[in-house]
Structures are given as C-alpha cells and as structure tokens.
Amino acid sequence: MSSLPTYETLKLSQPKPHVTLVELNRSSKLNAMNKQLFDELKVCFEQLNTEKSCRAIVLTGSGKAFSTGIDVKYLSGVSVNELGEIDDVARKALHVRRMIQSTQASLRSVDKCEKPVIAAIHGHCIGAGVDLSACCDIRYSARDTTFSIKEVDIGLAADVGTLQILPKSITNHSIFRELVYTSRTFNSDEAQQIGLIGRIFDTREAVLEAAISLASVIARKSPVAVQGSKINLNYARDHTVDDNFLFASAWNSSMLMTEDIIKGVMASAVSKDKSNKDAISEIKFEDI
Amino acid sequence: MSSLPTYETLKLSQPKPHVTLVELNRSSKLNAMNKQLFDELKVCFEQLNTEKSCRAIVLTGSGKAFSTGIDVKYLSGVSVNELGEIDDVARKALHVRRMIQSTQASLRSVDKCEKPVIAAIHGHCIGAGVDLSACCDIRYSARDTTFSIKEVDIGLAADVGTLQILPKSITNHSIFRELVYTSRTFNSDEAQQIGLIGRIFDTREAVLEAAISLASVIARKSPVAVQGSKINLNYARDHTVDDNFLFASAWNSSMLMTEDIIKGVMASAVSKDKSNKDAISEIKFEDI
Amino acid sequence: MSSLPTYETLKLSQPKPHVTLVELNRSSKLNAMNKQLFDELKVCFEQLNTEKSCRAIVLTGSGKAFSTGIDVKYLSGVSVNELGEIDDVARKALHVRRMIQSTQASLRSVDKCEKPVIAAIHGHCIGAGVDLSACCDIRYSARDTTFSIKEVDIGLAADVGTLQILPKSITNHSIFRELVYTSRTFNSDEAQQIGLIGRIFDTREAVLEAAISLASVIARKSPVAVQGSKINLNYARDHTVDDNFLFASAWNSSMLMTEDIIKGVMASAVSKDKSNKDAISEIKFEDI
Amino acid sequence: MSSLPTYETLKLSQPKPHVTLVELNRSSKLNAMNKQLFDELKVCFEQLNTEKSCRAIVLTGSGKAFSTGIDVKYLSGVSVNELGEIDDVARKALHVRRMIQSTQASLRSVDKCEKPVIAAIHGHCIGAGVDLSACCDIRYSARDTTFSIKEVDIGLAADVGTLQILPKSITNHSIFRELVYTSRTFNSDEAQQIGLIGRIFDTREAVLEAAISLASVIARKSPVAVQGSKINLNYARDHTVDDNFLFASAWNSSMLMTEDIIKGVMASAVSKDKSNKDAISEIKFEDI
Amino acid sequence: MSSLPTYETLKLSQPKPHVTLVELNRSSKLNAMNKQLFDELKVCFEQLNTEKSCRAIVLTGSGKAFSTGIDVKYLSGVSVNELGEIDDVARKALHVRRMIQSTQASLRSVDKCEKPVIAAIHGHCIGAGVDLSACCDIRYSARDTTFSIKEVDIGLAADVGTLQILPKSITNHSIFRELVYTSRTFNSDEAQQIGLIGRIFDTREAVLEAAISLASVIARKSPVAVQGSKINLNYARDHTVDDNFLFASAWNSSMLMTEDIIKGVMASAVSKDKSNKDAISEIKFEDI
Amino acid sequence: MSSLPTYETLKLSQPKPHVTLVELNRSSKLNAMNKQLFDELKVCFEQLNTEKSCRAIVLTGSGKAFSTGIDVKYLSGVSVNELGEIDDVARKALHVRRMIQSTQASLRSVDKCEKPVIAAIHGHCIGAGVDLSACCDIRYSARDTTFSIKEVDIGLAADVGTLQILPKSITNHSIFRELVYTSRTFNSDEAQQIGLIGRIFDTREAVLEAAISLASVIARKSPVAVQGSKINLNYARDHTVDDNFLFASAWNSSMLMTEDIIKGVMASAVSKDKSNKDAISEIKFEDI
C-alpha cells in the first residue's frame, strides 16, 4: 500500500508489514457513527479487500471508546429532513428501507472483506458498536469495556448485525436474549462468557498490541490459505455440512495447486525434524 | 388483562404490570404433562400472544418441580385405547404422527409467542420438561434442580423440542450428545456449562423472583422494540445472514416510524447528559 | 460380530458387549493418514453402520498420538505422480477435486455412521486429526494432548471437516478463527473452552477407559432410541426448527410402535417407585 | 361424514362416496371473500383434514363465479374501524400484519389439507380468487372464465398466495410477471399456457362434473398412498433433492408396511394377467 | 429524470412518461460486451434503481442484434495481459474469480433493479446475451432472432446467469439441457417453448413497440404495488412457501397503509359499476 | 474404454466415439427392476463417472419396453423373507428404510454421474421406470410409449425419484398431480406437455438413433465445459440464485484456465469469419 488513502472519519496506518490498522476517527463523539462514517467505512473495506499488500486488519476506535453506536443527531436529521417531506406511509417506509440497506451494506463490507479483521475494543462498545464488532472475525477487549445492546432502549430492534450475525456465534442464548430485551450494560467477562469476546486484556494498549501482534502472525502465513479459510468459514456459517464439503472441494481443486503448499510442507518438515520452529515463520509468501 | 382466563392444568396471575406468570398446575403429579395440559398450554400461549396488556411471561411449575415430563399414564392410554383399535401399521403410524404433531404444536406455541418467555426452573426438569424449557427465550434455574433428557431411557428419540430446538443454542455438543444418548441426570452447573441455563439461583424463590423481576424490566421497554427483537431473533435462528439482513430491512422499514423511538432517544439523551439513569425506565409505552 | 474384519491401518476389538474399539494403527507414523487408511476407514465405518451387534464405537489412535494428520509423503506422491502427468490446469483441478471428494467421503463415513462414535484423543491431534475428531459425536481428551489446526501452515484451507463441520458446534468463534488463521498449537483446556472437547482426563488410559465406559452405557440403551436420536441430531444440524419438527414427526410415527418403549416405561416406573435405579440398566434390548 | 357441518359462507355436500364438495356460498357477491368466509374456510379445511370419510375435495364457487377476490367492503371496514383507532405507525403495521397472517392461514389451510383438493373454476377468478386456486392441488377451468391478478390495480402486492405459491409451479415467468405487473385480464387458454390451469372444459357443468369424477377416482385409491404422495409433493416443493429422498425414506419406512400394498399388488397382477382393468378400481381400502 | 446520464456503450432515452429505454450501444460489434459495457451497465441500473421518475425499463440492442455475448477480444486481453503476469495457479484462480464476480455483479444489477425490466430481443441473442436476458423480468422477441447458449462451444460453463437464474424459470429441462450441452442455435419458437421468451413479434420494430407499450402500462400503475410485487417475486424464487408468506406479511404490514390502495379501490369500484374501464388507468400515482 | 465391463442385467456398448449405450437387459421381464439390476446400475454409473473415455451416455431398454418398474416378485420376496423374520415394528421400519435408501442410491447414481445421460424411451415407462427416467438429463420418447406413475395403484407413494426429482422440472403441476394421484396411463404427447419428455420420435429406432446422435454431438464438445455445465445445473436445482453465482465463480476460477477455451475461441472465430461452421466440430479435446 504505497500510499494509504485518506478519510475524514477513519485513520489508516500500517503498524506491521501487511497489517492495516483502521481507527474510527470521531473521538470527540466517542466514535458515534454518522452517514459519513458509514460511507467511508464501506469504501475503505472494499478497497482493502483488493489491496494486495494488506493481509490482516485491526479495527479499533480512537480516543476513549470503540464506538457508542449510531450518532443520534444523524438519526434525528433523517427523521426531520428526509422523512418529513414524504406524506405516504408506504413511500416513507421504502425510503427508510433504502437507508437501512445502505447502513447494512456499510457494516457488511467488514464481514465480506476476505482478509481477517480483528476488533480491538475498549471503553464503550454500544449499540451499532456491537453490530460493527459482530462483523469482525475476532474480538479482543480491554477489561473495563462497557457493552450494551442499546437498540431496545431507543425503541427499535437492531438491524445492522447484532440480531443478524451474532446469533450464529453466540454461546449462551439465554443471557444473550436477556441482554437484547433489556439493553442493560455488561462487561468484558460477561461478553466473553456469551462468546462475543475471544480474549480480555488489562488495558487499551494491551488490547491493541495483542491485536496487532496477532494480525502480524496471520499476515506472515500464506494468504491463499488464510483468505481461503475465511471464505470457507463465512460460507459454512450459512450452509449445510453437505454444502460445505461440496464448496470446499470446488474451492480447493485449484487452490491445492499453489506453490505455497510446497513451501509450507517443506518448512513444516524442517521445523519438525530439527525442532526448528522458526522455519515456518520464515517463509515468504507472494501477495495475492 | 382485566379478567384472566382460567385453566385447570395452568394457573395464571399478574405479579407485576404487563407481566403474566403461568404456572403448570399439576403439582400432585410433579407437573407431568397429559393431554389436557398440552391442549390448555396451546390455548393459553396463543391467547397471551394477542393479549395487549401482556408484554413478558414467566413460566414455572407449581409445587416441587418444573415438570417431570410426559405423563406415562397418558402415553399408555393412547397406546391401549387409540392404537389398539387400528390394525394396519401405516394407519397406526399416521395416527401416531397426528398425535406427535399435536403435542409439537402445543410446545411450539410457547416458542411462537411473540412476547419473551422466561422459564423459572426448579426441582425436576425431566424429559418433555426439557423440551418445554427449550421453547422459552431465557432459562433461569434453582441450584439443586435435577435435569434429565429422559427420552432414550423410555425407548424413544425426543420429538417435541430437545433434538429440534436445543441444538440451535447448545454450547458443548460433545456433552449434549452424551446427555442425549445416556439419559443420565445432570445438575444446574452442567446445564449452564452446555448453554441450556442462563443463570443459577440458590432457591426456588430466588429463581422466581429473579425471573419476575427480569420480566418486569422487559415489560417496561418499548413492546415494539422487544417483540420486534424476538421476531428477528427467531427468524435468524433458521436463516442465512443475508436473509436476516433482508428481513430486518423489511421489518424495520415501518417499525422505525414508531413514536417509541422519539421517546427512547429523548430519554436516552436525558439519561446520558444528566447521569439520570432513571429517565429511560420512566418512559411509558403504549400497548400494541 | 462373530468375526471382526481385519485391516492393516486399523485395529478392531470389542472391549465390552456391543462396543467396537477402532484404533488407528500406524503408530510408527503417529497415525498420519495415507490413502490406505482413508480407504479402510470408509470401508470400516460403512460396515459397522450395518453390523447389528455394534451399538457404540470408540475411535482412538494406537501408540503416542491420536493422529498427526495427513501423511505428507502421500500428498507429495499425488503431486508428483498423478498431477505431474496432466498438462491442462482444468483437468488437473478436476483430478484434485476427485481426490478431495474421496478423502471427504472417508471422514464423512464416521459422521454418517448411525451409531454414536466417541473419540478418545491423546498425544497429538493435528490437521486432519482434528477433521477426523470433528466427525465424531463426542470427544474426550487426555490433558496433555497437543492440538493444531495445521492446514494454514502447510498452505491450504482445511477441506475435510474442520471448516465444514466444526463451525456447527464451536463455542467461541473468535478464538476458533484465531486458531484457524494462525495454526498455533493449543491444549485440552482451550479445546474444551471452544467446545471442541467434552471432557478432559489425566492420562491416555483414563481417556480410553472413560470412552469405553460411556460407550458401554450407551450400548445398553435401546438402539432404536439411540440411533434415532443421532439421526435426528445430525438432521437438526442442517435444517430449520420447522423442518426438524416435521422430520421428527415422520420418523417417530413408526418408531413409537417399538416394544422398547414398553420395556423402557415399565423399567422407568419400577426404578422410580422403588428407587431401584438398576431396573433401567438391566433391560435387554434386541439388536436392530 | 355422518353429519356435514354447516357454515354460512360455505356449502358442503357429498356428491360421491368419500368426495366432499365445498362451494363458496356468497353468490350474491360473486363469492367475494369477507372475514367470515376466511374464518369458515379455515375451520372447514382443518376439519376435513382429519375427517376419516373424506378422501378428496372439490372446491368451487356457487352462482356465476369462482370468486372475485377480497370483499372491498371488508377491506374498507378494517381500514376505517380498526386502523382508525391506532395512532402509532408501528402499532398500525403490527395490527395489519396480524390481519394478513390470519388471512394467509385461512388460504394455507387448503394447501396444508392432506387430501387432494381440485378447484373447479368458472365465471370470474379474480385477485384473492387466484390466490385461493393457487392453494389447490389441481385446477380445472371453464373455457370462458375471466382471470385477473388484480392486486396491483388496487395498489398492493399480492400476499396470500399468488406471489408466494404460484411461482413454484408457473411455466412461463415472462408472461406471469406481465400479468402480475399489469393486472390485465386473461382467459383459460392463457391460464393453461402459463401452467395455472390443468384442463379446460366447455361449460361450468362440465368442469364440475370432471372435477367430481376425478375426485371420485382418487377417492377409490389407497388413502395411505394418495395422502402420502401429497405430503411428499408439498415437501418437495420447498426442499432439495437430497432432502426429498431423505424424507421419503423416513416416510415410507412405515408406510410400506401397509396392507394396501398387498391389495394393490394383487389387483395389479390380476389386471395385468387377465387384462381385467377393473380389478384395481374394485379394491376397497380402509379409511385412515 | 431531468437530465439523462450519458454512457458510451449504452444509450438512454425516455420514450414514454416514467419509461426508460436502455440500448446496448456497440452496434458495430453486434453489442458484444467488453469491460466498459459491463461497468457502465452496473452503474446505469444501480442509478435507475433509485431514480424516482423511472418506473419501468426496456432493455434492447441497437443495430442488428440484441447481443452476441462477451467480446472475445476482451477475453483474450485478460488472458494475455493480466493472467500472463501471475505465476502461481492459485493466485491466477483468485484473479479470475474476482473478474467473474465483477461480471456477475454487472448482470445481476439488472436482476436486482427493483423496477420491472423488459428485454426486447432481435437479431442475435448469443452467449452472455442470453445471460443478460435471463436477468430481465419479461422477454419479448422478434420472430427471426437467433439464440445460442454458446458457452460450451468456447470451452466453458456459463457463469453469469444462464445456468444460475434461467433454471428457476425454464419449462422443458430436457430441451434446455440439450441446448446447454450442444450450443446449437435455436429460434424464437423454441425459445418460447422452453419458457425463455414470453411473446414473439414479427419485426424488430414490433418487439420494441410492444415492450415500450407494456412498460408504459406498468408505469401508470402504483409503483408501490409494482415494485413490491417484483421484490416479493424475486424473494419467492429462492425461498420456501412458508418463508414467502412470512416475508409478504412483514412487507405488506406497512405497504397496506399506502394512499395508493384508496385510489385503487375507488377507481376499481368506479370501473366496475359504470363499465368505465378507463378509471383505473387514469389514476395518477406519486413517485417513490 | 478398452474393455467394457460386463453385467447380467445391463448391456454396454459404444455406438460412437466417447458415447456409451447402456441397455436394461431383462427384456423377458419388460426390464422390471430387481435387486441385481439396482446393484449393477449403481456400479455401472459410478464406473462410467470416472471412465475417461466416456463423455455422454444413452440409457434405454432392450426389447419391448424401457421399463415396467420394480419387479413385483422382488418386492414380495423382501416382504416375506426379510421382514417376516423381524417382530418389532420399529426394527422392521429401520430395515425397510435401509432397503429404500439402497434403491434410492442406485437410481441417484444416474443423476449424480457427471456425464450427460439421455434416456431413449419406448414401449412402456411405468412406475420406477419413470423414476429412473427422472434421473436422466434429457428424455426422448417414441410416440406410442405408455407412461404411468404407477405407485399409488400398488398402494404407496413413489420414493425413488418421481416425487423427489421430477417436481423440480415439471411444467404443469395440475396435470402432474392428477397423474400421481390416479396412476392413469398417459402418452408421449401428454408427457411432453408436462415437461417430462423433450422430443418425440415416430419409432423406437428413431428415438435411439436421435439419442445416440445427440450424445455424439455432446461427446465432441469440450468435456471440461459439458461436465462443468452439468455440475452447475444440478447445483442450481437445489440452491438460491445467490448461491449459484457464488458456486459458479469458485468453479470457473480454475476451469477458465483450460486450454479448451483457447481452442474453442479460435475455432469460433474461424467459423464466424469464414462461415465455416465445421471448425467448431472439428476440434479435438483431451479426455478428463
């Protein structure tokens, strides 16, 4: 990525080779999401998806929070300025639907990005912040993060990820539904207990460091193998076991012809025979 | 609910505004389920589904147990009286199928009820008792409850919920299959470990109090938001991520026009600005 | 099973009535899997599927490991000898696809076997070893087992179970994806935490003893009930709740006419009235 | 059916043994459908579903038309009386949804009835009349019937069958979509060309006679075979080929034990050997 | 559409109010599709999808053909210039996949556009031309059009619509598979016989006139009803009957509140009472 | 295929290069199907699936009929000899299920064979004969063939293809259900009208000649393209449009690298420029 694109609500950097760090950059609003952020997020992740030099992504919030969710001012503006001009209920509803679909497309771009995305969460992870984290592959959290599935408290059912993707990976549905129906806050421990969070770290710095470090490990692996794994995992989320096997056999029919396997097998043999664990991590793989 | 309907095998009360407590009322039989109970359960939950004043439901067992499952006398009666009169195996099988489908419809009425249902479990939760609890949104249990997926021990594969709904929310399938194949008893801790139970409380009273208290919190939230959340969560259980987003956009196209959002956003703003946490819980929402 | 069939890469025995112990038998290669093992595994489990006297199966590895995955020599041989002769990329890909599908069919035969299969895991469970364990109903592990989803390290996306079946039962997807994308080793505790392992035992001997003991308990239950449960559980993994209920009603329409229910209900009644817990385990059920 | 139940908007009779004729009975309104008709239709078909003596059903309209669709007075009444009292858009929408689901359940009861239903159509088949016919197994029509998928002309998308069931059996989707988007009328020939109609007859009397005659042929067949076929066909409409085979094997595992097969095979043998075609039609099968 | 956007490979005009005519504009190449055309097609249909004044679209080819399919020069260029630079087979395959997905997204934009699209076909409709027509709602053809599912003849399986969408609406699969496997040419009659074509007209002019006339009729209907119908029909193509009913009830819960129904019902009443057929076509509906 | 394998109930020959003719070879029984035929059919089509030199298959019946369905003697034998020894209804049902699944696997082997299969039908096509033809890609028939979906007449619901695969391709479901529920005979014209038959020929010889001729045309095409098309078409039968596009992009990511495309594109260019239609049919493609 010779020149990183610039956004107003996002800040991009490259803390390690092949690793892109994406920071939500509205810290004065605790990274509340407005239309610009939704738009830039989509452009950013679609661009990273085809950026050869990017192999793993860390998504975090600048300042004191991951994100406090949708910016209420944005919501109110839509309500007054856009819907106010439409009289017919059906036409209003169709307008609202377009708006929802546009927001869904924004957050889904994270889920659809074929490179692994690690969320580094701290401070507050509220409402659409949870939806956004649900679109990531892996979620790390600072110990003192405050979570809340806030939507019910502002009178709506979550529609950009929390009720759509999270149920596919949640561990204790009793507690999850309790959190959904009550909007009460919960901490990292409970988040981990229901399978929302993978690991907990003591500080914001530790979360970010661990996430970047993990991204760096992933970025040194064969991108053919890593991205193929994500594509197959996302596929498996929504298909039957039979379908998963069928898709995997079509997918790997060409992928098994990669040179990366030869490199991998050789390094693996070396590392096994000589207890030289570094052999694997020293292989260099070509970009895709 | 000006006048609560009366049933023989169920007891209804209203411990808090908008909260309905449904007690299985065959305590002398440890709430074993017979045809009358199956029939009344269906009528009851279909009625609660459209009862405006009911916004959250607690389901519990009177006396010493949640439920010990299907009443063996009922089973035997069917076998002798109804099947005994039919000679042809296929016709017997079609008769049995109708009976199973009727029992399934009874327990599914709890799952299909669009208001959240919290199971408060104590004493024994055996066989069809587990199936019934599987149809609830949230499961709380007393510490000394005895659980058993009893069906294999009486020679059959569970067909009214345990093998049909539970696999969608179970955490450790190794242990779950062990429990299914052996019918051994297990306690609340293990039930929580496999994701069957959300929370454990020390006594029967504590379970019930916590369940009613949770129901009361839910009942004070916007019913548009809560019931919309349940409808979307139940939908998500059986659909792909793409489908979930599509359905949510159709659903919320009208729901986002509710007045509840205005109330919710305003209260949320107040509670945030003034650290007045009560603002949210003081909103009054109209019935649906 | 009057005469147990013999295989070269598998060793079969009958440690308890109705229980078959299948040992991977390439201990000198740490049970790495080659073409012969894949072929014999399929024949073996298809045969056990219809073998009347077999009601529960324990799958384990002889020597120091469960399995270290695919035999790299076998992989290299395919690459050099079979693919080397084909010039056209598409024809190579079709050849590779047939090979993948054949390996998938081998491991799926364990998943499709209608008798419960318990994996007793120790030493190393690496790469295709994890895929194989994913095809079992229940997974027990020795405390010091080393696990690794090794595929990414040898340059490929897992295609014989790990990404196809495991996501249906995994608990913490954040950690699971971390393990997939990095190929790092993990121990039994972490394996249990993500829902891969049901129980942990201190030694290899203890694992095997517990697995055989569990198999023996299952083998004494009604095979109509146990196998019906597995068939319905595997069905439920890939279908909607509505479909599950529909299938269960078709399935049980005949199964509820079994004599086993009469035996089960009677024993159950005896054991309840007299606190004679043994009544149930003393029933003798006919083979299927 | 010793005593036929009586309805106000439906008229039931038994023109042949085991055949029930259901006539829409609002001829003064050209069988336009109001709430009472929707309610009675559901009760009627749920009752016929379990009525042993009924094995085939003919559905027709009394007077000059099959049906001209939903009664506009009913629609207007709902709009003014029920929705008029609700202020909030979301609550109105939830009320409308309940109303739609209730109407859907009414028409689906025809589709879900496990006995074959033959629609005998004449005069007008408009709007919800098409939806209703879509819920039948077989559609016969008089030559001069006027059809129209009327919904777009009254400002809505059809929601009780035409867009939900018909696409599963329509032949020429180009023409079908033209009919949907324009609401233009079409005749029996075009209806047959797009696969909506099976056969065309010259007069109303001929349609009805042919439908009753077909019903009578079906009613003399094994009800185990006929109803099993409908259940499997309806299942196949919504499932994969793999699922269809799996379901059929579960279904027939008990059904193949019926005595009807012995009767059928014997009669079939007789009719083949002696060219005695009547042997098959002379078998008497027991009720289910 | 005050000012129509301009494209190089497409020509847009507005032959009737609310009707957009899109002409493929590479007549010197018989409208063979190159990268620019794919790109512009996507932009064009995504733009029309949200263009308020557009309610129906006619898609046709300028000059002597609808389209002769993918431009072979474009294909060759990709092969030499883009793939030539990549050594690794897997990386080549991933590159090819991105290219296919981009082409799929282009043609799918026609299918996903929520306004009805009518293909007016003449001259040649070959290869990707058939795929493109498969993405339209309605297909009209000139009598002397030459069709060919050309892909097999150039060594590939069709991947942008013919094998993906057409099977959902094809009538005679025996003949369809014959056409796919042999690439032989067929005429309009055979195209109509397999359900590919809705209507046949004598000349190119007659096709276009009929298509524009049909589009004009559709454009005068309630856009709430028409677009709702298309959205529900596309949904029904891929979902079960149960799902279709569920989605329709969510969709219409708000759409039934439209003013268009009041207009439609009133006009319908007028047209019925007074035999004034024009009442319906004289209503003016608001844009969406 | 240097040496054709030999079967007792099947006769194989190679009437044209790369074309295999499979004749059902029980002409004295009008090709009624017994256990041996089911077993040999499966072996035969699994073998042809991997036989490099076979690229298209014609399936026909020797003597006076395609097939008159299941051999009643076989059915009776199973009933008396195998089921007679089992007392318990559930165990009988499980035995029956295994038998059904084995027969299903036999006929499915034709559907799963990745080479196109053309049925050449004459004389009688009855019961399981229809199921078998349903598993073929393309169906040609002699004008005087007698068809019957015979299952209902012998007391059962078809379970080996007619109700499982045919509904996916049938044109007029009204007539199809009529044929299913009544078992009445129908001729080639009606078979073509419902989409069962592709083409009709005057004599048995003409059918066979046309089928072989079509097979020969297909066999000269690129097998990469033809078999890829069949695999994608069979996939499309059971998946959504989105899934079809996704699978096609994975499939073609490697297949587009084939040399066959270069040959095809060049021949296509030659045949276009010089009106030399034979260029395409003169290409020689390598075996797969």
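Note that the chains take the letters A, B, C, D, E and F in the order they are written out, and that residue 1 is the start of every chain.
Here, a residue touches a chain if its C-beta (ideal position, glycine included) is under 8 Å from a C-beta of that chain, and two chains touch if they have at least 3 such contacts.
Remember, predicted model here, so these are calculated numbers, not experimental data.
Think of each touching pair as a link: the shortest run of links from chain B to chain E has 1 of them. The chains other than chain C, kept where they are, remain one piece by touching. Counting the residue numbers used at the interface between chain D and chain E, under half appear in both copies, so the two copies meet with largely different residues. When the C-beta contacts at B-C and at A-E are tallied, the pair with the greater total is B-C.
Distance from the chain E centre to the chain F centre is 33 Å, each centre being the mean of its Cα atoms.
Inter-chain spacing, taken between the CA centroids of chain C and chain E, is 48 Å.
Inter-chain spacing, taken between the CA centroids of chain B and chain D, is 35 Å. Annotation for chain F: residues 89, 93-94, 168, 171, 195, 224, 237, 239, 242, 250-251, 253-255, 257-258, 260 touch two or more other chains.
Listing the residues of chain D that touch chain F in their complex gives 116, 137-140, 168-169, 171, 192, 195-199, 214, 217-218, 221-222, 224-226, 228-233, 236-237, 240-242, 244-245, 248-258, 260-265, 267-269, 280. Across the complex, chain B meets chain C through its residues 72, 75-76, 83, 89, 92-94, 96-97, 100-101, 104, 108, 111, 150-160, 163-165, 167-168, 171-175, 177-178, 180-184, 237-239. Those residues of chain A that touch chain F in the complex are listed here as 235, 239, 243, 246-247, 250-251, 253-254, 257. Every residue of chain D that touches chain B in the complex is listed here, in rising order: 50, 87-91, 93-94, 98, 224, 227, 254-255, 257-260, 286, 288.
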